[in-house]
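Have a look at this one.
Letters A, B, C and D mark the chains as written, and numbering starts fresh at 1 in each.
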């Protein structure tokens, strides 16, 4: 039982990161019906930015309190990753809006390839290790279950962000504009909503969450490389689809589920096949629930 | 063959206790009706009455919540449509359909659209592709036959010339016809048409009626059609079923349906008491047609408007309303109007750029049939014509008179040319 | 945009300058961290920052100047061209069909003589440089060109043509196509290693295995629509790769399987020994013959794919695929079983992937999961879309441009003379590939050849403009 | 066609001049001119597919007119982005209602309110609820779960939240019971009388629409074939014949 709980905690930590990235996929999909393949690489870019900010802090300022460092890393990464995402949308996706549906998918794949190779070219192909930021953890009294502080940071930051995000989407004008564009873009425009701007903001918000996920990922694993966009990206995408693409709570649920499946499968069966398990469960869920767990069933209009 | 079908009034389709619910919404509620073999059955009703949902149940796109749909083929085989997958219904039970918002394969050519419809027999003759791939002659012959069949239907719908153009490039009316021809290429015994006349102009509507009648005559196919619009239906259908809010409110011959107070109420958006009044009025005036009721209603409405505008005595207003006094429409407004076209044949006025079929027909109604008539128009005539066509300044701008002069000269010069021009 | 006409040149430049400044600021924000700093490892394996302000300045300047040129010159001229185009009467139509026929005939002829042309050209160059006529040196030198360009491009042409059946004709988005390529490659590698079966026997078997996998994977997922189908195909691609990595007992995992038997020319092996090809025809020993043989083999396989595709398009099944892409509901209303139709498309596409896979194994003599990553699926899909879905010629052109172009970058060693010895053009290969994908797509969203050729005609075969064709929902 | 178009009628709040609109290659409107003066109710009647809804959407630039122009309150809005047209306080209750299905009634109404000026919000909501008390009962229900009539009321209410100078209504009677239609039409009339709201009404239900409107246009296949005062059109035998066939000729 202890083992199970321990593994579940590990799974939830990982799942939180997936969930944060998955929100970016699901929001973009919800609003323009496009799979933003470059999102995983935007996440990787966010992690790189955080890493460079960290190095800049230690190089130019010296000892900075960990909390402050983490906050700064997150903020700068969010800001600049948001800017990247804004630019990507503006250059590679917007010109293709309303045309052929596969075209933006291809530019997204192209963007994904270009981004990861851009980082490789400018930052070099090797892994980038940083010294551990957050050490130690607590053992739950009377059990062997330990929770690392960095796990706590991840879960707490994710929870705070999700709450803030939920507020933004459900209680603010921007959020309302976004939801209206998601449900009926044409009608939203008829009501005076600047659809282009709203879509841009969606990309920026998704990228900001991915940047936070990147920072947390960097903090957790202590290393990042230019190829690290793909696997978490695909996992997060899987999470978004599993939860029901287009649904925000679905993305979080899907992320946590994928994290749990991975952790538990590695614990009880085989660590080698953890990804196979995640993908297989995705396929099985979709066969029985063709729109994911919390997705809206697609009504075929005749 | 056809007469045999006529004399045999067995139902081709029986719909019993059909209900369809979407969540809490009841789209169809305990619907019962029969479509007779070889007959044209019309399903009418206001928008949102559930007509298309009935079609979707018949053709298997929706599984009804309750009820039974029985299709009886000519060879006596019976099929329970509610239990069959959509494509099997077309393949085995021989029910074909068209769609309200035309669903052609817009990137395939007109011909290819008709070939796709012959998929199942062609699949067989190509030995499920394998024999065809190896170049067996059976497939070659079948493919040639399929093209011949397509050509037959293209001739029927008057689209042979455009066989090699993409279906998406056809004008709206032609797309509607093509969709019917495509459905016919599946050799159906029951053809379900969803608003086939929507968006067609008068001439196209008339052609469509001819096409449907000839389909019934020549192939013995039974037809069920959804129409929004009663007048089209009245011309060709043998049997009419009226739906409102998913419930059948009337069922019978066009004549009986037409005068059913419930139907009138559903279409005019008036309440039942008013309808009773209308019926009584109709009976009093001796008119058995719904138009009498309409006349009464509109006269009342005009009165109402006039009263709200006040000042002018009511009686006088009612009088103006009684005669068609729209300044826009004045029959014989131009000086040289004719009672009928000379030699019974009018020129094709649409050859004048800017007139178009609608205006040509309206001009005909006002006694203008020939190019030389337009060519002879004076300024006053132009003003009058513009008034009733609601075209301020267009006649002069587009130089109809100049065009008409030229065309009149041409048609006089070589009478043979007129024929070809008219045929276009 | 509309006010360009009225507001004159000055304001165009002013506007462009404003946009250039804006672009510069954006570029500064984008590149400030990732270009302005470089992270390097020091002797203790710790990361240190290297500052590169000069490079950052170049990036910002390029963005600003580029934007200025675009806003000041390119956009207005494009607007004008558009205006002129809409005003001018429809220009005389080029007879696209005869042009296309000419291109395809010429292309085919070139493909057949390509190895010899290469040999001849190289020999001539040799002759020009050294004054010695040495046919043999041409033969030796041609190895690289036949292999890296000829065979490499043709593999992608074949794969893209295979995927085209699924994506271009049936309109089903398959993001895991490389899985079938892997099935083909491993079928050949394993069966030839364990049972010693010959290439010619295993080639069709690999295709059949891949097709079977196509059906097995396709059956449960084909009722999914659109992007759900896309992600599940991606997942299956990944599952197969992961199984190949982890099922070490059979696949040897990431080490891969090496020493795979080569293909033979109907029993004649390409070995240096006395029974080998070279000895048999009295030629000096060389690896080139095998490459040339492989070149013709893949050319044959690719043309087989094209031939089958062309034939199938005129069969009911091919037409049903295209109809499915246009409108699935209408298909069902015409009595077409859309599930089996989709499955056949999936299986046929997979089969050609399998053929290509077994060829790949025979060519490399080595297979490992590394060759079957998602990126490969993405590249193949990109070629299909860039070429113009459904168009065989367009796809071939796209493969030649994209694959040939990136291969060409390997050849740019001379750039080292300019940028110094640290410069490795190969590093930029995939970066440029990705950027090219974006640029081409934004420039031509319908791909190089968007027109569709009808499968049957009554009077004359007219090309169908891409504005009418749809792309399917899946 | 010639460049010298007819001048807009003086005092017209909205004037659509010789507009041509295409969907792809298919021409949906071929030279349509209509106008609405401030304070009037104008109706456009015609059959399914005649192009009525296309005209409504063309006013908003979706799709954009290829020829002709749209002028609102003296300003040429033909090329203006859709959301900026909406911000000129032209509101539309479009074809098919287009309620946001996963937003509550209240949120739907909020969407209608001008985003940057919420000072009248409470007052406007109250007015809408006065007009359609049913909506008040359903305030926290999601749009998608409302009945057809309620959705129609919500669509009109949402349009009114923008404090429109011009209200475009596309088939408000579609699929509704006669009693509800009557109610909605009365509400429109009432608004027009009390606030001088200009209304442009598209209807298939020619009879009801003409009864309500001051003037009317008849549209057939993308062309306006008749126009005149409601009274005249009601008296016209062709229009009368069209009652039962939705204006087809």
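The definition used in the following text is that contacts are C-beta pairs under 8 Å (C-beta built on N, C-alpha and C of every residue); 3 or more make two chains touch, one makes a residue touch a chain.
Keep in mind that what you see is a predicted model, and the values were worked out from it rather than measured.
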Pair exhibiting more inter-chain C-beta contacts, B-D or A-C: A-C
Most widely separated chain from subunit B, with each centre as the mean of CA atoms: A
Cα-centroid distance, subunit A relative to subunit C, in whole angstrom: 30
Distance from the mean Cα position of subunit B to that of subunit A, given in whole angstrom: 54
Averaged-CA centre spacing for the pair subunit D and subunit A, given as whole angstrom: 43
Sequence positions of subunit A contacting 2 or more other chains: 300, 302
Residues of subunit D touching at least two other chains: 24-25
Subunit B, residues touching no fewer than two other chains: 61, 99, 168-169
Residue ranges of subunit B in contact with subunit D within the complex: 24-25, 46-49, 168-169, 171-172, 195, 197-199, 201-202, 205, 228-232, 245, 265, 267-271, 290-291, 294-295, 297-298, 301-302, 304-306, 320-329, 356, 358, 361-362, 389-390, 392-393, 397-398
Subunit D partner contacts - residues on subunit A that touch it in the complex: 173, 176-177, 179-180, 183-184, 186-195
Subunit D to subunit A touching residues, read off their complex: 60, 62, 81-84, 86-87, 92, 94, 98, 100-103, 107, 110-112, 114-115, 158, 162
Touching residues (chain side subunit C, partner subunit B) in the complex: 308, 311-312, 314-317, 319-320, 322-323, 325-327, 329-338, 344, 452, 454-462, 464-465, 467-470
Touch list for subunit A against partner subunit C, complex: 29, 33, 35, 37, 45, 48-49, 51-53, 55-56, 59, 76, 80, 83-84, 87, 91-92, 95-96, 99-107, 109-115, 117-124, 126, 128-131, 230, 234, 237-238, 241, 245, 270, 272-273, 275-276, 279-280, 282-283, 286-287, 290-292, 298, 300, 302
